[in-house]
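Please see the structure below; I have some questions.
Letters A, B, C and D mark the chains as written, and numbering starts fresh at 1 in each.
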Amino acid sequence: MTTLKTAKEVIAERVAKEMSNGDLVNLGIGLPTMVPNYLPEGIDVILQSENGFVGLGPVKSEVSKDLVNAGGQPTGINHSGAFFDSLLSFALIRGGHVDVTVLGGLEVDRHGNLANWIIPGKMVPGMGGAMDLVTGAKKVIVAMEHCSKKGAAKILNECNLPLTGKGVVDLIVTELAVFRVTDDGFVLEELQDGANIEMVKEKTEATFTISSNLKIKQFS
Amino acid sequence: MTTLKTAKEVIAERVAKEMSNGDLVNLGIGLPTMVPNYLPEGIDVILQSENGFVGLGPVKSEVSKDLVNAGGQPTGINHSGAFFDSLLSFALIRGGHVDVTVLGGLEVDRHGNLANWIIPGKMVPGMGGAMDLVTGAKKVIVAMEHCSKKGAAKILNECNLPLTGKGVVDLIVTELAVFRVTDDGFVLEELQDGANIEMVKEKTEATFTISSNLKIKQFS
Amino acid sequence: MSKLITMKEAAELFKDNMTVMSGGFMGVGAPEKLVTAILDSNVQDITLISSDTALEDTGVGPLIANNRVKKVIASHIGTNPMTGKKMIAGELDVELVPQGTLAERVHAGGAGLGGVLTPTGVGTVVEEGKETLEIDGAKYLIEKPLRADIAILKAYKADKAGNLVFHQSARNFNPVMALAADLVIVEVEELVEIGDLDPDTVVTPGVLVDKVLA
Amino acid sequence: MSKLITMKEAAELFKDNMTVMSGGFMGVGAPEKLVTAILDSNVQDITLISSDTALEDTGVGPLIANNRVKKVIASHIGTNPMTGKKMIAGELDVELVPQGTLAERVHAGGAGLGGVLTPTGVGTVVEEGKETLEIDGAKYLIEKPLRADIAILKAYKADKAGNLVFHQSARNFNPVMALAADLVIVEVEELVEIGDLDPDTVVTPGVLVDKVLA
């Protein structure tokens, strides 16, 4: 019996395949935090928390008031982890020591621009560490549902919202497709289970080319 | 019975009077390291070693291969000391956290310029931490014999040697005199034991004014 | 020359219009007693530099709720709705700074540097109004150093010389800010004797700490 | 995925013309076994970045004596007369950098910054050939970031994940350089098990360390 997966689960599972063993990974809040649940056999990653440690893991025996993740939630640390200050934490991030960051997105465009921190006219939360992460991480993966809740396209020729980073996105993973960002714009690399090219074209405002090695995910 | 003091002892003793209790002090090699021997009663200073600690003190029970001063010599650390890396060490120095640095000098001029790191045509040792120290310390004291071994003036209108720092010197202490560097040039503040104004003028190339509060050290 | 002070003595150190820098991330590792000392002092019009404005009732949050702050320099204000409300109402000036830029600006302020050359924020609103510099073909923003009149920090342990160690993620901005203020006041969970801390594990040397809340 | 390597495996990692960064101050905290590995590798024309060139027979000194270095970037070369002799003979290029500027340049290289804005060296020969910037009325040199192909470091203890702690003044440039090279190799006095080091006292997180000399 096949259990129907949610869009978020489909996305998280696909993002997990981008990880290599030993990668230092920083995950944004929300959907990205589901990624570790889907890591393939033999792939272990080390999670960084930008408030000052590596080795983020589940809470062990008891909650510590001094140990929270970047979202302020209680968390744990692995035996091999280490704490440090914010200066070193962002030196890791900006200096290219983080192999992969996975973030949500409001808009991504074919120049690799990402908008995910502010919607004019709404409450302004602040960029936190997101601008540093997209600038410094070796690989920036945007993990998001293909369209907004209202059905609007989020994969655009040009972002409309204020940017989080310019020319920073490497890969977009949605519940329908995987796009790689190249110097020549978007390349459709993969269709998720049940998606087809027409469907993706319809829900994507941006123009894109189709990879000659287009992968089509089999029903599992 | 009065014991005759060497020039270096006279200088070190006078420099020691510039210290306030609790000051963080960085001492250059040579003469400056004699200063702590002359600290007045009730005045304790904390010594910084730019290779990465505060609380420099004498070697205690046994020598540690990992504990040397900035000259590479075995040293000790006080109970209240702390070790850190070179980045923090020079953040302390450049950031104005060092209250006083005492350094030797080859030449000082009335603009507060200091030359003490290189003699063209001779072996080049390198500036080490000296340029950071003279730039960052709150008070820069040059502790040196009034003239060179050949009798040449070292307190000049304009330095001839390559500079260690531009406009950085606050005070010069020699075995004859104490000069303060002001925006208007040198002010003779004090005559050491046995010195007089004529003698100082003769051995000083730079023009200087004489403080209205000129102190003349009494024979002790 | 004891560094120990009481809450009352701490409260007297704050003045109107001061710039205050506070350690803490979402309230974790924030000096909540010193925040109370500021509230006790009735001081107004603070410029507050902090990673974030925590929640309404944690960390530096109460300074916002009690109208003590005229300007906030922070990377995140979303968890304290009071900050956003007052900003929109024009009662509070907010300068949003990427968190890594904030860390380096504070480091620059504490280390005597003229500023920070960072790629973070290039091509975004963060670039607006700032000078940029091209170095070896890449573009960098020139971000100015940050310093404060007073830094309020939270440490796990301090000895009586002011040497500090921190616990877990409560470290965050505290050691960076210890260099960047004219006066550094620390609140601790445990005060220990000189000699109790291993000089190899001290994170912030006591020479940077002016006052320890007893 | 063990990080442990032998002396022979270490020697194979070095190539001609590489830039190598070494921890250590006058030989203290310098990775002398890794220096031997470089000598064993017969590698030539290294660009060496280090606080100083130690003594002829300590720290990185033997790399100079054995003619493996074409350029040195350091703050002090006076304690190793071979460095000066070779420089004067035109066999060795030497770039002298103020020690604090060296620390910040390595930090900039490791932290993704475009450079350092420092007042150190303004008005001296250090300024020659460099761009300057005036910020709020003061003049700063723009000093470029420093990175290396390989950093060779010395730690007191490492666990098998590469987490490092240091001993006394042997720390110096080691933790700063751990961020600024494509490959980071560490020599240790004691190798311990994962879990033996307290995450609060680790100075350099293991994620920065690629190889540990067994």
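The criterion applied here is as follows: a residue touches a chain if its C-beta (ideal position, glycine included) is under 8 Å from a C-beta of that chain, and two chains touch if they have at least 3 such contacts.
The structure displayed is predicted, hence computed values, not measured ones.
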Pair sharing more residue contacts (C-beta pairs) when B-D is set against A-D: B-D
Chain whose mean Cα position lies farthest from chain B: A
Whole-Å separation of chain centres (CA-atom averages), chain A against chain C: 30
Mean-CA-position distance for chain C and chain B (Å): 35
Shared-contact residues (touching 2 or more other chains) in chain C: 104, 107, 111-113, 118-119, 166-168, 199-200
Overlap residues in chain B, where contacts from two or more other chains coincide: 53, 77, 83-84, 90, 94, 135-136
Chain contact topology (line, ring, star, complete or other): other
Interchain pairs in contact, sorted by label: A-C, A-D, B-C, B-D, C-D
Footprint of chain A on chain D - complex, ascending: 1, 107, 109-113, 159, 161, 163, 179-180, 194-195, 197, 199-200, 202, 204-208
Chain D partner contacts - residues on chain B that touch it in the complex: 49-53, 64-68, 72, 77, 83-87, 89-90, 93-94, 113, 123-132, 135-136, 162-167
Contacting residues of chain A [partner chain D, same complex]: 21-22, 24, 46, 48, 53-55, 77, 79-84, 90-92, 94-97, 135-136
Of all residues in chain C, those that touch chain D in their complex: 104, 108, 111-119, 133, 135-136, 138, 140, 142, 144, 165-168, 199-201
Chain B contact footprint on chain D (complex, rising order): 25-29, 51-52, 74-79, 81, 84, 87, 94, 96, 98-104, 106-107, 118-126, 156, 166-176, 203
